[in-house]
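Two complexes, one shared chain (chain A), two partners (chain B, chain C).
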Partner chain A sequence: MAQSFRWYFAKRLIYVALTVWLILTFNFLLFRVMPGDVTRIVIPKGVAPGSDTFERLSHYYGLDKSIPEQYLRYMQQLFTGHLGESISFSPGADIQDFLGVYLMNTLILVGFGTALSIVVGIWLGRYTAWKRGQPADRIGSAFFLVFYCMPTFLFALLMLTLVAKVVPQWPIAGAYSPTYYTMPLLDQIGDRVVHTLVPLFALVIETIATFSIITRSSLIDVMTEEYMVTAVAKGLTARVVLHKHAMPNAMLPVVTVVAMNVGWVLSGSIMIEMIFSYQGLGYLTYYAVTSQDYPVLQSAFMLEAIAVVLANLIADMMLLKLDPRVRV
Partner chain B sequence: MTEMQPSRSKWLILNETRMEKLRLLRKNGMRIAREYRHSLGGMIGLGILVFFVATALLAPLIASKYDTPSMPANDIHWNDYNPSYASPSARYLFGTDFYGRDVYTLTIWGSRASLIVGLLASLISIVLGTAVGLAAGYFGKVSDEVLMRFTDFFLVIPWFPLMIVFASLLGRSFTNVIIVIGITSWPSTSRIVRAQILSIKEKAFVERAIAVGAGSGHIISKHILPNVFPLIFANTILLVANSIFSESFLDFFGLGDASVVSWGTVLEAAYEKQAFGSFAWWNIFFPGVCIILLIMAFYLIGDALDEVMNPKLRRR
Partner chain C sequence: MWPKHATVLGSLAIVAILALSASPVRWTTGASAADESTLTWGMIEAIDSLNPFIGVNDNAYIFYGLVYDYLIAVNEDMGPAPNLALSWNIVPDAEPFGSVWEYNITRNATWHDGEPMNADDVTFTVNYQVGTHYDDMWAYQPYTILIDHAETIDEYKVRIHFKNITGAPAPCPFGDKLMMPIVPEHIWRDVPTSTAGFTYENDLPIGTGPFVCTENTKEEFLGRSAIVLHKNPNYHSKVDFNKEIQFDRLILRFYLEPAAMLLDMQTGKIDVALFNAPNYVSLLDYLEGNQDAPIGTYSGLTCTSYSIDLEVNQKKDATGVNPLGRDPAVRKAMAYAVDKQFIRDHIYRGYADLGSSIMSPIYGDLYWAPGPEEIYEYDLAKANQTLDAAGYTWNGDIRVASPANPYYPGGKLSFNLIVESGLVEDKDTAELLMYDWAKIGIELKPEYYETGQWNDIVYSYAYDLTISYWSGDPDPNYLLFIQTSYSVGGWSENAYENVEYDYNYTKSVETVNPTERTPFMLACQEIMYRDAAFIVTVYPYGCYAWRTDTFDGWGDWGAHPGRSLSNFWTANPLYFDLVPKGRQKIDLTMAYVGIGVGIAVAVAVVLLLRYRPPKEEDVKLP
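== the complex of A and B ==
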């Protein structure tokens, strides 16, 4: 068994490596093959085509070479940790120098968001499934449906309006105060918590609804199985039936959906970060889009895509541990 | 006269089979409609959808008379006529936005953009997804392997950032929004189509058609597609909900066409002009509720149709 697990893991790793390579290639092609000139993308807009500066910049970025040569150069730079230079975000700065901070902030938001939605979502789904047909279930399900259909950015906007009105002194912009880096450690943590709470809440509400709906329907499906009747007939208490018989079987589709949703949480964080000016990858994406800073956009997209691939790998491994049937 | 005879009788026979087909189609449709009517969620969804379609069609009649329909924020100085951020009143039912535009009128006209983009983008996505799924599922072997790896790749890439990147590279325009949403949402459809085709391909009637010498084109159009469409229909409806969400988001993100009035662009203007700071909740609330209701309508309809058309999938 251990042997087959290792073999499976190795196969998955090769597959992930291949996918990452494809993403890098795709990312290269996307910004070169799309309509329009590459020079338009990499060279600042103020520089007139044909001018001396333009030629020199073209040469500097290797844009005067052929596409395969550019591709080699791009790969070479990636593997030496060079992601290109920002045009407008912090002009001329190497992207890899400031990308780390943004990645970290997003990881905090998405990490806590995922954990929170799994715990709360599964709990709510289990509760409503157990109370099926009763008022608690009906009200709960109606709320799930509303939040499931509500786009995250819309909820964030409403939260923003509400918080700005009700608690005007609550900080609703940024991942931390401007004075963050001069604070002692304890204050830094407190500052982060205060700044993260509202965006986090806005982020998780939709995923909580999604996970609740899945858990509820999966559990209700399981409860129609015959072994549930057997369990009840044996005289087991409702608690034991729920925790020992129903939940373990109901969890498998939930884990799959949670795994598939990691990318979606990340997408949600793009909307949240934009609205709350939370300095993460999503905010960077928004900034890059509005200021047409394509090298930054390219780097942010690359990180987002790779993060999702890795998250899927982790989820797959977890599923493998949970469900012996997946092991071939 | 004698030459006409065979073709006429052929026409007549065809007509009879057609009649029978129509009769079956009608019978099936009636059954679905009857079962659908029992679904409370489905009927509510249908009601909301009808309401919004009527709103979109009757927009010139029911929109406020004080404003003209085409109203990009910076075209006319609306502030010369209307106050900025006026709260809802009899004069301005849903209040006004920063530019002094009537939010009620904007909301009514905005329903058009959402419905048009939602339907057209889903159409693109369905055509692409069906084509890829069909080629992979029906022809199998190498094309299946290649196309499914291709689909897997697009399933793995987070479509949401991809959509942003595409839209940003293509530039702001109404058509681009439709195209971008269409080409980023097909992979799940192609997966479903492929799975359905794989099971239908094994059915006896397809084998029979092959045995009597039918060509691939005939089998696909007469036997495969008619059996695939009912199964992916519910999925299509859900796709529309997703497209409407994507459209409003892209507009909000500043990637849509700013000169088109849509719920997303209204929200974009509200966000940019800090409506939340002035507590102009009406500027966000009314278009926002419309987005939620329309998405929910498609979601409810899709769910109800799924239950009616694919009863096997749901034992409950």
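== the complex of A and C ==
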């Protein structure tokens, strides 16, 4: 018997909550079992291990408590919106004070990038599938394959060099200008647009190719189904056949791939952020890994994991809309 | 009808926003606003703290030197130059002679928040870091370990009392080269040292230095993109030395990867930068093909005596560490098996000098160079002979110690080598050493770690060998200190202990007369080299580039190393000589219009396709 939408949604929410809890717990444990002494990282040199200073710092970071006590403190802090203090990225700074800056940069880049990739990628995939065998399909497919196979960093470096040569004054580094904080709001928006365009293009070109290839093959697959023949036999127009019969079914694997891709895009953007000196979550994660700033790393991982879980929830809801059978 | 209208309205809104974004507003996209002269300095690594008692990377020290003053600065020839202290002298009647230095402080310095600066601030800064605060305030320990206390004599006169390692009053030869920033008492007195040295953020650094932070500094620091500093209009150098900085702003522009910085130098978005050797070579290649490009370059030894060091762990009670690294014969064999010439020519592309001790030739007469008898020339045969003579015999592909070996009877010559994974040159050196040392029966196992983990392992002495780097201050005390037994457990990375070295170091920091002091410093270097606990491979060059179309007055950095960017000890003479030439305004209006029109056309095409009259076509199913 089919479940009601509300019941299905509530069940999914419970799963999401459980998944997030497991992620947070794993996040906590992961950095406790990794080698290294946080105190030594705080004091790179100058203080002997075992000294009063070492003990005091261990106490300050709560590292002198048992693992269960640390876990309770960690969860308590999370639910009160306190993500902890940075150890080496910005010693002593509350992580929530600066995490937003990096999250915003990444959301602008990856958020717009993903949206653009979905719209353009699906449209191109649909178009080439509909025109299969024709020159548009052949040329389009060749382009998709090239960009799908090309490593992100290589294309980013090419873009960097190309823009510097063709439009030397165009900014190729940073998420905004050095004077960003003193600009009026409109100028800030414009400054963001200008700084984001090149890395955005470098980021989306591969994801557009991915989504196009998936959409194209899925649509071609759907078009072999018998109900498509029935639709045509009923005398429906090409547009109706495409939009009402073919696309909804072809979108099922596409939605799944898009949801899975959110995680990939977040991690894949690290390369783009490094090459374009674009200070986003990818850069923050990279820095936290290299400098062993575990609280920052925990927070970044948490955000990225929650983003993936939420993307999957949205995908589930979309699949439900596209194919009501999934609620059975 | 409603959905169709909504789509059209939405599309029109998007077009309007795009058109708005294409309007020629006053965006500047890189170096500066048109009406202010700005020096933009490209850096590969963002500063790691606004707190001068916490930051450790080179760029952090550069930042502190811009915002804070020191008692004494460094002139273009690396000599002491007056800064907050206009004059200084040894107090003649204090015993022993040289143990108390007196400084006459300027009356013209004010803190950036408008508070007057006086001798009490200097006294506070010194006393804040010594005595019971010594452990917490670890950042300037090579100096503070030898300071007993400071006292205010009058509003503009301070005395600093020096001591030796045992705590007894002792002469100090570097009273005119005390390189530590002076901080305001009215801000820092409320910050306990237990947080000042570890977690205090110092959101708005207030100094007396040539550049001033803004209310955006914290956000800029946390954003890691750039920090904008303004010229200090009340800087005391104008009255004290008749010198003034001639540009309005200094932007520290941080890059995550050198390719973008290199391109920004070529396109004029930054004015000056320090490159690593591979990118410097790329820049020189570019300049060869673009000889009219307005870019000046210089490469040479850095004024901070930058060196790359292969360190052998000497810690006696360390667990999991091969004790054979403490055998001088093993270390000497290792030293003979390091092909420094290859490292310089191929790994550093020729942009380095061959290394000997931790002090580079930039120290002039204070630099010790090994003679023909002492030098460890690359010679694998000699390395093998040294190990043979010390009783190490071959056992398959690896040598083992004799049963009578005092360090590790019967132990294998097998060592791990801890390398920072982000340092390409160090990784290449590790591979070379692994290959070469296998020929003398030493098994080397490189292990690559991220910087944080490397710090953790090295300062816990949980390694056999590592590749590290050091930079120092103008007085050799700073670099010589780190090889003393007094720094073991703290600054020392290899736990080297040598009574003869300690004796010479102690004498070198207690001998005021420069002529009498020099032999002790040379002896320290000779002992360090001879013992090979610290095998210095190369002194990498500082590879700098600057724009000649935006600023004049760069000068000759080879003849005057104190003018280079690496002189971070406040009030670098270069800042006062740079004259802005006027910058071509960056105008991207046409590009904005092009983008706006392009996107608007794209949206229009999509709308057209969406709402074009229905055209029936045959459905082609596979």
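Throughout what follows, the second predicted complex is superposed on the first by the 293 of 328 C-alpha atoms of A that agree within 3 Å, B and C clash if a C-alpha of one lies under 4 Å from a C-alpha of the other, contacts with A are read in each partner's own complex, and residues count from 1 in each chain.
Note that in this section contacts are C-beta pairs under 8 Å (C-beta built on N, C-alpha and C of every residue); 3 or more make two chains touch, one makes a residue touch a chain.
Predicted, not measured: the structure shown is a model, and the values here were computed from it.
By the document's definition of touching, of the two partners only chain C reaches A:S291; chain B does not. In the superposition on chain A, A:T224 makes contact with both chain B and chain C.
More chain A residues lie in contact with C than with the other chain of the pair chain B and chain C.
Of the two partner chains, chain B is the only one that A:V308 touches; chain C does not reach it.
Of the two partner chains placed by the overlay, chain B and chain C both lie in contact with A:L157.
In the superposed model, A:M274 lies in contact with both chain B and chain C. Using the contact criterion defined above for the overlaid structures, shared-chain residue A:P253 touches neither chain B nor chain C, since it reaches no partner. With both structures placed on the common chain, the touch criterion links A:G62 to neither chain B nor chain C. Overlap of the chain B and chain C contact sets on chain A: residues 35-36, 41, 157, 160-161, 164, 220, 224, 274-275, 289-290, 292. Taken together, the chain A residues at the contact with chain B in this complex read 19, 22-23, 26, 30-31, 34-36, 41, 145-146, 148-151, 153-154, 157-158, 160-161, 164-165, 220-221, 224, 263-264, 266-267, 270-271, 274-275, 285-286, 288-290, 292, 294, 297-298, 300-301, 304-305, 308-309, 312. Chain B makes touch with chain A in their complex at residues 153, 156-162, 164-166, 168-170, 241, 245, 248-249, 252-255, 267, 270-271, 275-277, 279, 281, 284-285, 288, 291-292, 295-296, 299, 315-316. Within the complex, the chain C residues that touch chain A are 20-21, 25-30, 32-33, 40, 48-49, 51, 54, 56, 135-136, 138-139, 141, 194-195, 197-201, 216, 219-228, 251, 253-257, 259-261, 263-264, 266-269, 422, 450-453, 455-456, 459-460, 489-491, 493, 586-588, 591-592, 595, 614, 616-622. Of all the residues in chain A, the ones that touch chain C in their complex are 35-37, 40-49, 51-53, 56-57, 60, 85, 88-93, 97-98, 101, 132, 157, 160-161, 164, 167-183, 186-187, 189-191, 193-195, 197, 220, 223-224, 228-229, 232, 237-239, 241, 273-279, 283, 289-293.
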